[in-house]
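Quick heads-up: structures coming right below.
There are two complexes below, and they share chain A, which is joined by chain B in the first and by chain C in the second.
== the complex of A and B ==
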């Protein structure tokens, strides 16, 4: 049996859910990473250690395992929980570790002389953070950040394991019904491609905007 | 006005400053010369506390800078807020300009007054425009550092330091990174400032410039001030053997 055009519509709907899951997780993951990154530079050794442990554990665990672990852990604590909510939590945790490492790299990329000039101008720590560190880290981090965003869309497919109905889950349902394996998978990959391509375009546009604001790649 | 007493500083067991004593009066221009690695840049960085020092003290108008003296206890680093406030009384210009690459010339100049000294935005901008036109860059207010030549970037950096209305200007080899034909435009800006009653400490290799603008020249050798005096004394009638040797080499 061949897949029908209504199957494609179903998959389009599932793709929207994939995208929504990814975008939510990217948003929450970014916020969490922004809170985590300062820990990596904290004066307190315990804070730096906590940061490294978090990144080490999250990054070192397959997303699949992380998904199962989070889902069952949340479920045993709260009873029945929405797999979608659990899915966003899983991806948020996963992305926050990757984003935090990217932002940490961005902070390290700020040339020492710029710290000197910030200090010599008598700027407060807060002003240095908002006026110097944040805009520079945003610029340095954007390309690897987008890379991870694209990964997030694809990583959302793993959530089918905890019964999140998204593009991969829907594709499997249609395959099981129609046995039209290759066509269904081809359509699914086209949807994934479109989503990733869209994120890439938005990212390029942002890079272009920041570059137009005088950032020539090589600082100072 | 600035009193430096017994500054010592070592890096991993090597003592780079071995008890520096210096007094710089208000409006005085002092040039620091010496072989590379002699400690002159480190000294300049210590004056602005970009480098912590192990011993000694620095006073500005009688105020102890960077540390708080405990009653017969060890000295204690001043709070970040204190450090920021004290740094605002000095301006620093670096060899590599160190402009913020994501800000225009005007934004670079306004940053310190606006967010360090909490000056109102309009006032900071007015001051910024005035200073940039003074260093001959009124046409390039909205240019980003990457769009400016080295000489222009350094002039923005000087305007940025002046925007804090500093009592002291610390200049660290500000023409060393420039192409020879761009040196003059930066030197002109500094020359123009000599009437301002701002004390300046400049680390330099440009002897003729030092001779022209400095009131005194200090020869730093091995982390100490080996000889200090008026330019003609230091450059024409050196007494210290190390200084004689240094001058012979650079001529």
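== the complex of A and C ==
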């Protein structure tokens, strides 16, 4: 049996859900990462340790395992929960660790003299944060940040295994019904490719623009 | 804690076996992916413009789709082509296809990082092009690649968990089976996570040691 054009529409709809899952998690993950990054530079050793432990555990565990753990753990406390909610929670946790590491790298990339010069200008801690650190970290972090956004779209496919109906789940459903393996997967690849490649291109374009203004890359 | 101890005592063997599968698939796939990635890299280095374009297309495609798609392609596609291979092999091939694409890019990045004058310098010393490549360029590619290859090995190890979607009983699948069979809340997943974290730590340690031991020679 062959897949029909209505199957393609179903997959297009599923692709939107994949994208929505990824975008939601990117938004929440970014917020969580912004809250986590200061821990990496905290005076308290325990805060730095907590940050490193969080990053180590989240980055060292497969997303699927995190997903199953979250899904089953949340379910054991609150009864059966929506797999979509669990999916966004998992991707948020996963992305927050990756984003936080990127932001941490961005802070470390700020040239040392800049800290001294902003202090010598008499800027308050708050102005240093908003007017020096934030704009620079945003610029240093942008290319790797968008790389992780590509990973977010790809990681959302893993959620199909905890019964989130998105592009990979829909593809598998159609494959099992029609056995039209090659065509279904080709269509799914095209959808994923468009989403990921678009983010990747935007990233490279921005990298080029920022480099031209002398912001990206290693500080002198 | 008592809960975990009872777990380890009752299901330790099942976990060790599953961890063995995870490790076996990961190691075999990584070795094959290194070879496949090296072949792709050499094809781009030596081949003409069309080879370059085809390999580039392959790399871009596999970098921008989730691993589950090649896994399903081989697991569902091979039987249609009359190849009834074990799920672990099918999944392994999919991991090799994708990680090979990433690894070829790692080699290419390392190659680009080498100073352009070096091949000329080597030739001016009387080395034949092939010897210049083997003695000057290749060692540097390998040394520069080690940290990125370590990262890739970690990613590959984590991706083996996706083979649970095609019935391979590796760590993640084993944890899921035990959770469902015993009615435990989530303890088996925590145990599986500890196994993964231990393996990841070993890989990172190996990569760091390897890099440090060859860096300045």
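What we mean here is this: the second predicted complex is superposed on the first by the 200 of 220 C-alpha atoms of A that agree within 3 Å, B and C clash if a C-alpha of one lies under 4 Å from a C-alpha of the other, contacts with A are read in each partner's own complex, and residues count from 1 in each chain.
Assume a contact is a pair of C-beta atoms (placed from the backbone, for glycine too) under 8 Å apart; a residue touches a chain by one contact, two chains touch by 3 or more.
Given the structure is predicted, the values throughout are model-derived calculations rather than measurements.
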{"item": "Which of chain B and chain C A:102 touches, first, second, both or neither", "value": "neither"}
{"item": "Touched partner set for A:171, first chain B, second chain C, both or neither", "value": "second"}
{"item": "Partner chain(s) touched by A:114 [first = chain B, second = chain C, both, neither]", "value": "first"}
{"item": "Which superposed partner A:132 touches (first chain B, second chain C, both, neither)", "value": "first"}
{"item": "Which of chain B and chain C A:124 touches, first, second, both or neither", "value": "first"}
{"item": "Partner chain in contact with A:193 - chain B first, chain C second, else both or neither", "value": "second"}
{"item": "Touching partner for A:15 - first (chain B), second (chain C), both, neither", "value": "neither"}
{"item": "Superposition-derived comparison: chain B or chain C, residues of chain A touched", "value": "C"}
{"item": "Chain B versus chain C as contact partner of A:72, first or second or both or neither", "value": "second"}
{"item": "Touching both chain B and chain C, residues of chain A", "value": "none"}
{"item": "Chain A contact footprint on chain B (complex, rising order)", "value": "45, 48-50, 80-81, 83-88, 90-92, 94, 96-104, 111-112, 115-117, 143-147, 157, 160-161, 164"}
{"item": "Complex interface listing, chain A residues touching chain B", "value": "113-114, 116-117, 119-125, 127, 131-132, 135-136, 139, 213-216, 218-220"}
{"item": "In the complex with chain C, residue positions of chain A that touch it", "value": "56-57, 59-65, 68-69, 72-73, 76, 150, 153-158, 160-161, 168, 171-172, 175, 179, 181-182, 185, 188-189, 192-193, 196-197, 200"}
{"item": "Of all residues in chain C, those that touch chain A in their complex", "value": "60-61, 63-69, 72-73, 76-77, 80, 154, 158-162, 164-165, 171-172, 175-176, 179, 185-186, 189-190, 192-193, 196-197, 200-201"}
